[in-house]
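Mind looking over this structure? Questions follow.
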Amino acid sequence: MNILLSVLVIFAFAFVGPFVGKYAEKFSGWILALVPLSVFLWFAGFIPEISGGEVFNESHVWVSYLGINMSFYLDGLSLLFALIITGVGTFIMIYGGGYLAGDPNIGRFYFSILLFMGSMLGVVLADNIIALFIFWELTSISSYLLIGYYHEKEESRKSALQALIVTGSGGLAMLAGFIILSIITGTMEISEMFSQSLAVSEHPWYLGMLILVLLGAFTKSAQFPFHFWLPGAMAAPTPVSAYLHSATMVKAGVYLMARLNPVLGGTIEWTYIVTIVGAITMVVGSWLALAHTDLKKVLAYSTVMALGTLTMLIGLGHEYAVKAIAVFILGHSLYKGALFMVAGTVDHEAGTRDVNLISGLRKTMPITATFGCIAALSMAGMAPLLGFIGKELVYEAALSANVFPMALITVAVLANIAVVASSGIVAIRPFFGEYKEHDKHVHEAPASMWIGPAVLSVLSIIFGILPFLIDGTIISKAAASVAGTPELVVSLSLWHGINAALILSVVTFLSGVAVYIFWNSFRDSRGFQGYSSVFGEAPRKGYENWLSGTLSLAAAQTRFFQNGYLRHYLLTVLSFFVIVTGFTLVTKTDVVMAASFTDIMFYEWVIAGVIMIAGLAAVLAGSGLVAIAALGVVGYSISLLYIMFSAPDLAITQVLVETLTVILVALVLIHIPKFSTFTSTASKVRDAVIAGATGLIVTLIILAVLTVEFDPFMTEYFAENSYVVAHGRNIVNVILVDFRALDTFGEIVVIGVAGVGVYGLIKLGKKMIHKEEETTV
Amino acid sequence: MISEIIISFFLLSGSFFVLIAAIGVVRLPDLMMKMHASTKAGTLGAGLVLVSVGIAFDEISVLTRVIATIIFLLLTAPVAAHLIGRAAYYVGMDFWEGTIVDELSDEKTKNADSTDSNVKMNRKASES
Amino acid sequence: MEPLLAIVVGVLVAFSVYLMLRKNLVRVVIGVVILSNAVNLLIFTLGRLDRGIPPLIPFTESVPSEVFANPLPQALVLTAIVIGFGLFAFALVLTYRAYTEIGTINVDDMRMAEPPYEGEELPETAVKGEETDS
Amino acid sequence: MSHILIYPLLIPILTASIALIFFKSRVFQRWINVLGSGLLLGFSAYLLYMVQSDGIQVLQPGNWEAPFGITLVADLFSALLVCVTGLKAFAISIYSLGDMDERRESFGFHPLYQILIFGVNGAFLTGDLFNLYVWFEVMLITSFVLLSLGNRKTQIDGAVKYVVINLLSSLIFLSGVGIMYGITGTLNLAAMAEALQDGENTGLVITASMMFLVSFGIKSAVFPLFFWLPASYHTPPITVTAIFGALLTKVGVYSLVRVFTLLFTQDIGYTHTILLWISVPTMVVGVLGAASQYDVRKILSFHIVSQIGYMIMGLAFFTKIALAGVIYYILHNILAKTNLFLVAGVAQKYVGSYHLSKLGGLYKNYPLLSSLFAISAISLAGLPPLTGFWAKYTVIYAGLEVQEWVVIGFALAVGLMTMFSMTKIWMGAYWSKLPDKAPVASDPGFKPVSGLHRVALLFPVMLIAAFIVGLGIYGEPFFRILFDAADQLLDPSMYIEAVLNP
Amino acid sequence: MILDTVLIITFAALSISLVAGMARLLIGPSLPDRVVALDLIAYIVIAFIATYSISTGTADFIDAAIVVALIAFLGTAAFARYIQKAGSSTKDDRI
Amino acid sequence: MNQFIINILLAVVWAAVTGTISLGNLVIGFILGYVVMLVAAPAVDTEHYTRRLRLAVFFIFYFIKELVVSSIRVAKDVIKPSFKMKSGIVGIPLTASSDLEKTLLANCISLTPGTLSVDISDDGNTLFIHAMYIDNEDVDAVRREIKNGMERKILEITRP
Amino acid sequence: MNSVILKTAARLLFPLLLVFSIFLFFRGHNEPGGGFIGGLVGASAFVLFAIAFGTEVTRKLLRIDPRILIGWGLFFALVSGIMSMMAGDAFFTGQWIFPVLFGSEIHLGTPLIFDIGVYLVVVGFTLAVIFALEEEN
């Protein structure tokens, strides 16, 4: 119950949040931060047990019929994520309260961000894959609301939609993948799948299922070529970007791959796909960062790089890789969360995030500048920060890769060079150099807005200098979870001696500095512009073209099918009837003309002929009245048939109805002038063919049914009971008012409604309806 | 046997008149003439056949219904003919060449605006 | 007799389908009426036919001693006739309303609920004279 | 013999006839309408309880043993639908107090409304094929009248298309009834199913089944038979659209499910493959149609078509979980669709339009309405954890189980497009700024609703939203009923036994 | 015995009449012509029903004849009303 | 008083159409007749009902005779290969004054040889008939024949 | 239509049609006829009257709005079913009494009440339609 409760508490506060925002404006962020904080502390309490090798399973029946339980699995990996989510979340709440202070919509912010927080927590804790998926989708919904926070700006709406569509489509693919996975394994609990790894990878559906699942992970984690939504999502308020788009949501995909690595990983397919996609994303993202001067965009692309790195590491999956994953996730969350907040603070205070427009802010906002720089150093992979350890581990992992290590190490170095340069951009450009005067008087941000960066960047230092605080406890267990082994010794340290990784780090740093120095001219160079448009713009354009293509396809097909012409509709319906019924008749039955015309009286021939000829007259009639006169003959003749075949009630009814029909038509046609139209011969022929085919099919079916022996057992029952029980000698009438009174009741309801309806149709004039209704189209 | 003959007589004569009516409706040259045939011969023919039914069944309930039917026919047939003839006349019908007089036309030209119809009253007017 | 009626039904169905595909809404409604007659005949025929033995129990008996025509299809058709009549009355008056409100009974011209798409070319309709819509 | 079965029919029609007798008093009609709907909801819920606890309920009106009279049967599938109809009827009866104009009321809206519910319940409860036809006609004529009541040009035009195509459908249905009677000699569904079990005349029966496919296909608006729906559903007042949009097509689906589980299971490889082929273009064409529209009512109308596709798809899979999914889908769609139409109506009353270009500012100004829309839209888009997700999930699971990869691929893509068009409404009407050409901004005579009116409009939406959320978050008991219902559908012997050997 | 032959003759006469009536209905040329034909067909139907009652020995069909006699007249009245109101002329009522 | 008689008559008609002349059936017929009269009262000018009914019965046989005669003549002409007669619409000045008399006359004329009532003039004083046979093109002869034949016979009965 | 002949004939035929409709209605249980047929013939009486005299007069003759007649018709039909339920039987189960009137036993049952409902609805429907259309002229 407890793990579930931790998630539910956050959800519950999502609904409280708006009220807190409304009634405790100034302190709302601080107050609401207590929610993630208390959950963080609660999870922190698990550290000893988890590091002692325990895992926690918790399961609640939810929809047992579908095998879907609200079950949770707490091990090193999920604990690490849970701590990041609630830990970073605590500072985000505080920061958000400050950042959005005075915004009338702050309540909606609290609602969405807490909803998101709970969902994200659910994703990392869920054991049941469908439960995981549900939380996963909830993160999509809440992030949609958050990205579109400034919803009156079209840009925000577009970005929100883009993120939703990209991650949503991946999510749907993933759902299919999950279901297939559960069909393969016979369970929906991830913890029960670990033991079936072999069976899964040898299953013929494996590759398809894998691709589907990975699509979900890749889109969510902004892997190339789906990465474009992430920079777009920067339309969100900065606390959102800091939280969702760096520390948590984008890592959901990474988490998923890490979580399923023991089940799905280790195969050739997995290694190739995941590693290559990760590597490409890593290098593409890192360099794209350099194409922008918007602080958030730079950070966003460096996040893409980080996600690529993590993905690549998961693809590799060996011991170094899993260690690197755990450390890199934590390190990245700390520095990137801090940097986003710093960027937001700069924007908030200076009114812009363009590094070309701001500089020298360290003088007016020293605290922010300090922590921003620390975080940037961590990002650049400088000792003695945690980022350094993470980067070293990445290099070591690449070096010991089992597939094309040379290529991977090149990619890693290249990517990190760009990261170093990016770090320079985000740390040096705004804070150092000459102070520029701004429209807005820039001053230090309130405590709520620097406490987050402060704590996170300080943690980067602490964990960097004192890695034993984390390695044996949380990191090693997280790495073990990814590897799918119970134990994995991780011993982190800043100094490993002079090894290949260290040399690469030095090279990286120096090159990065060089890139930073020449950044301005580099950014404007043609080659780089081309690179940026191919890898940055093209996928987004692809998405947009796909969207507009789909919309024009939609419009075209709707114009074609729903074209407003009744005759077209009818023609389609009738053609369909002819096709399905005719085809079935021809293929499924023996169409034999077993008809015998021997027992027919001559006057019956005449009446039948009259019916058909009068019917033809109705078809050919030049006016409605003539047609209805012909129809009268059809009706009278049919009533004669009813007489001949022992149905006096029917005959009388037919005559009465026929006559009233004539009266009604006459009354109506008095008002409608004769009208003639031109119809092409081609369409007449077409209509005649459809008409003929329909008629033929009906005739053939009747003839076929007539060959079936008819069991008159109902007739006997009616005969026996009609008078004796129902006191009526006219059996037809007894059927109508007694045996099948319900039919008759329905029938009188029909004509009753028809009466009311016709009356309304005629009497309820158009003018009587409210005027405004006419105008609302 | 006797009754069979009587029934046969009524049946044959009835169907004969119905046939005459039908032939008349097909052959006679104008609408009024056709109505002469259908109203008179048709009513008579149907009536005679009905009489044969009344005789054939020799039941009071059948007989009364037959009589009722005949009365209804006699009541409605001339009214129907009148309605059709009048309506056809007012909207302008063609008379056959043997028509020598139309006193109604003279009457209607006298007071053209006194009827309930909103269409052209006059045969000649509609022909022009 | 049943096979002959099968043909009658088929022919009526063909006529009605052809009428329903016309432009003139009055014709379409007449097509529906014919179709409804045809379907009634279909049910009647498929209940199998008997001549001259209406399902009436004589006053002298309480349980009929002789066989008679199947009463059930008769009751069904009777119900169907009445229902069809109600629907027909409505459809007819709707035609009338279409004429008074939209000003036409040409179904091709009825594009109020589904106005023409942008740039759509409307067909030449209601061309009087040359040929009737038959 | 279970008398409870008659109440879902008796209550609405009694209400309607009393309302008709007191034609002249609008106020009386309004309240008897609400009262009747409330009673109906209560009795429907009780019926569901009875069926769940005591098994399939059967009533022989007139006390004639089956198959000689007309049998009323409630299995779980029927009872569920009756129950949700009762809920919907109650909600909309309240909504109509705030929406319906006086003229329409004095020309019979209230009795017509009750009669429509009567017809729908009749169709759900009857165990007789011809009687089903009668119920269809009751619904049909009532929907004709409700659709055209008001006589606006668009209404008349929409009604013409609706009427003609639906009349064709009815007549095809009636022919099918005649043919099935001609083959089996009975009209009782259970007796017919029993008679068909011997496997004779299979080809002929399958041919007849195609007529039902076409007829019910028109009613449920599947491809390529759906045209009447987007042509007409946006034309009447929103209350009427909501009644139609959510409920009427589902009766078509109900009937398809009924006959293709009870009667036509001789050649599933053939019939249900055709159903599958129909379902995919239905989903796709419907959702693309929605994507091309800008009138909220039209978007929602096309969505009806699309979602019918999912239901037919589930029927085609023909496994237990698939059928449970179909039932879930039907129920979910009734709730979500109703709410979306109702919400659109409220928005129209606030801002003055149904067109996205004239809507806006709703999120900013009407948070309650926005959240009600969001709930329904998220549900309809199939996002968790609301009803739409479970519906979609169950059907898709079933499809993957039977390895219909391509079909499921389409279903998932359609799900994405559904989400897209829900966001289209959300962004166009809720997130965007109130445009200058919105009637509320540009027409000085425009009066948004207020006070009690607003309560009448929003209460029913909240009621239904509560179900959407509640069933979504905790569906265990509901799924138990659904799986039992699917069991009953897959094993017709229970149904046959209950009717023929009570 | 005689009656059987007579009945055949009667049916034949009525059948021919029916065909003739329908021919007039088809030919027209004016709407009133067609209405007269329809009126005639009603009489033929009455006679048909009556004859059929005799041939089957079932009097129950007579009620249908009564109804035709009473009701067909209404249809004719409606047509007449239409002709007079709408002024349907002789010329353009071609089939 | 008249109304009571009408009621009795309706009861008899009822018994006749139902075909059971029992006391019970007559009573039912009487009650029904009463109801019908209640409904029909405004429609029917009950004052003249008795006379009307008597006339109806009286005339039936007369009609039938005339009908047969006229039909035979029409039959002859219908079968003849060509039509030689002269016809036309003739106005008959009416002596008959009440609506019933006029209607009766008009119907009788329609059912008798070669004549068909077309219309009654708006002032109600002239009956226009279509005469199939205007022998010798003598229009007044037709007029005379009607006035002295049919109209007189009717008036003799309606005005004793 | 302004025709003396038609008007007079209509006055004569009106009560005849009405009697005939009731006749058809009552015997329907044993011979051809019944609520629907009887109702249509009964409605025809009013239709004829409306054609001859116009709807205003005919409405006065009918005294009740046809739509309300429809309501009553449905109500009657329902009452027959409710009576069955009150007797403890299934809806629409025929309940019969056999009073002896002037020596002959009469069969009276709820199906008769049901049929009255049918009759009323048919009359209401036909007249609602015809009146409305007539009044458009």
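By letter and in written order, the chains are A, B, C, D, E, F and G; residue numbering begins at 1 in each of them.
Everything that follows uses one rule, which is that a residue touches a chain if its C-beta (ideal position, glycine included) is under 8 Å from a C-beta of that chain, and two chains touch if they have at least 3 such contacts.
Since the structure is predicted, the reported quantities are computational estimates derived from the model, not experimental observations.
A summary of chain positions shows that the Cα centroid lying nearest the centre of all protein Cα atoms is that of chain D.
Computed from the mean C-alpha positions, the centre of subunit F lies at a distance of 29 Å from the centre of subunit G. Between subunit A and subunit F, the centres computed from C-alpha atoms are 84 Å apart. Here the spacing of subunit E and subunit F, counted between their Cα centres, is 22 Å.
Looking at subunit D, residues 13, 20, 61-62, 108, 111, 130, 134, 137, 141, 144-145, 148, 151-154, 160-161, 164, 168, 175, 179, 182, 230-231 sit in touch with two or more other chains.
Residue positions of subunit B with contacts to 2 or more other chains are 16, 23, 35, 43, 45, 59, 61-62, 65, 68, 72, 75-77, 79, 81-83, 85-86, 115.
Those residues of subunit A in touch with two or more other chains are numbered 555, 559, 562, 564, 566, 570, 574, 620-622, 644, 648-649, 652-653, 656-657, 659-660, 663-664, 667-671, 698, 702, 705-706, 710, 712, 714, 718, 729-730, 736, 738-744, 746-747, 749-759, 761-763, 766.
By the contact rule set out at the top, the touching chain pairs are A-C, A-D, A-E, A-G, B-E, B-F, B-G, C-D, C-E, C-G, D-G, E-G, F-G.
Contact residues on subunit C toward subunit A in their complex (touch as defined above): 1-24, 26-28, 30, 33-34, 37-38, 40-42, 44-46, 48-59, 61-64, 68-72, 74-79, 81-90, 92-97, 99-101, 104-108, 110-111, 113-117, 120, 124-134.
The residues of subunit D lying in touch with subunit C in their complex are 130, 133-134, 137, 140-141, 144-145, 148, 151-161, 163-164, 167-168, 170-171, 174-175, 177-179, 181-182, 187, 230-232, 234-235.
Put simply, subunit E touches subunit G in their complex at residues 60, 63-64, 66-67, 70-71, 74, 77-78, 80-81, 84-85. Subunit A contributes residues 555, 559, 562-567, 570-571, 574, 595-597, 599-600, 604-605, 608, 611-612, 615-616, 618-622, 624, 627-628, 631, 634-635, 638, 641-642, 644-650, 653-654, 657, 660-661, 664-665, 668-669, 671-672, 675-679, 687-688, 690-692, 694-700, 702-703, 705-706, 710, 712, 714-715, 718-720, 722-724, 729-732, 735-736, 739-740, 743-744, 746-747, 750-751, 753-755, 757-758, 761-762, 766 to its touches with subunit C in the complex. Contact residues of subunit C toward subunit G in the complex are 54, 56, 59, 78, 82, 86, 89, 93, 96.
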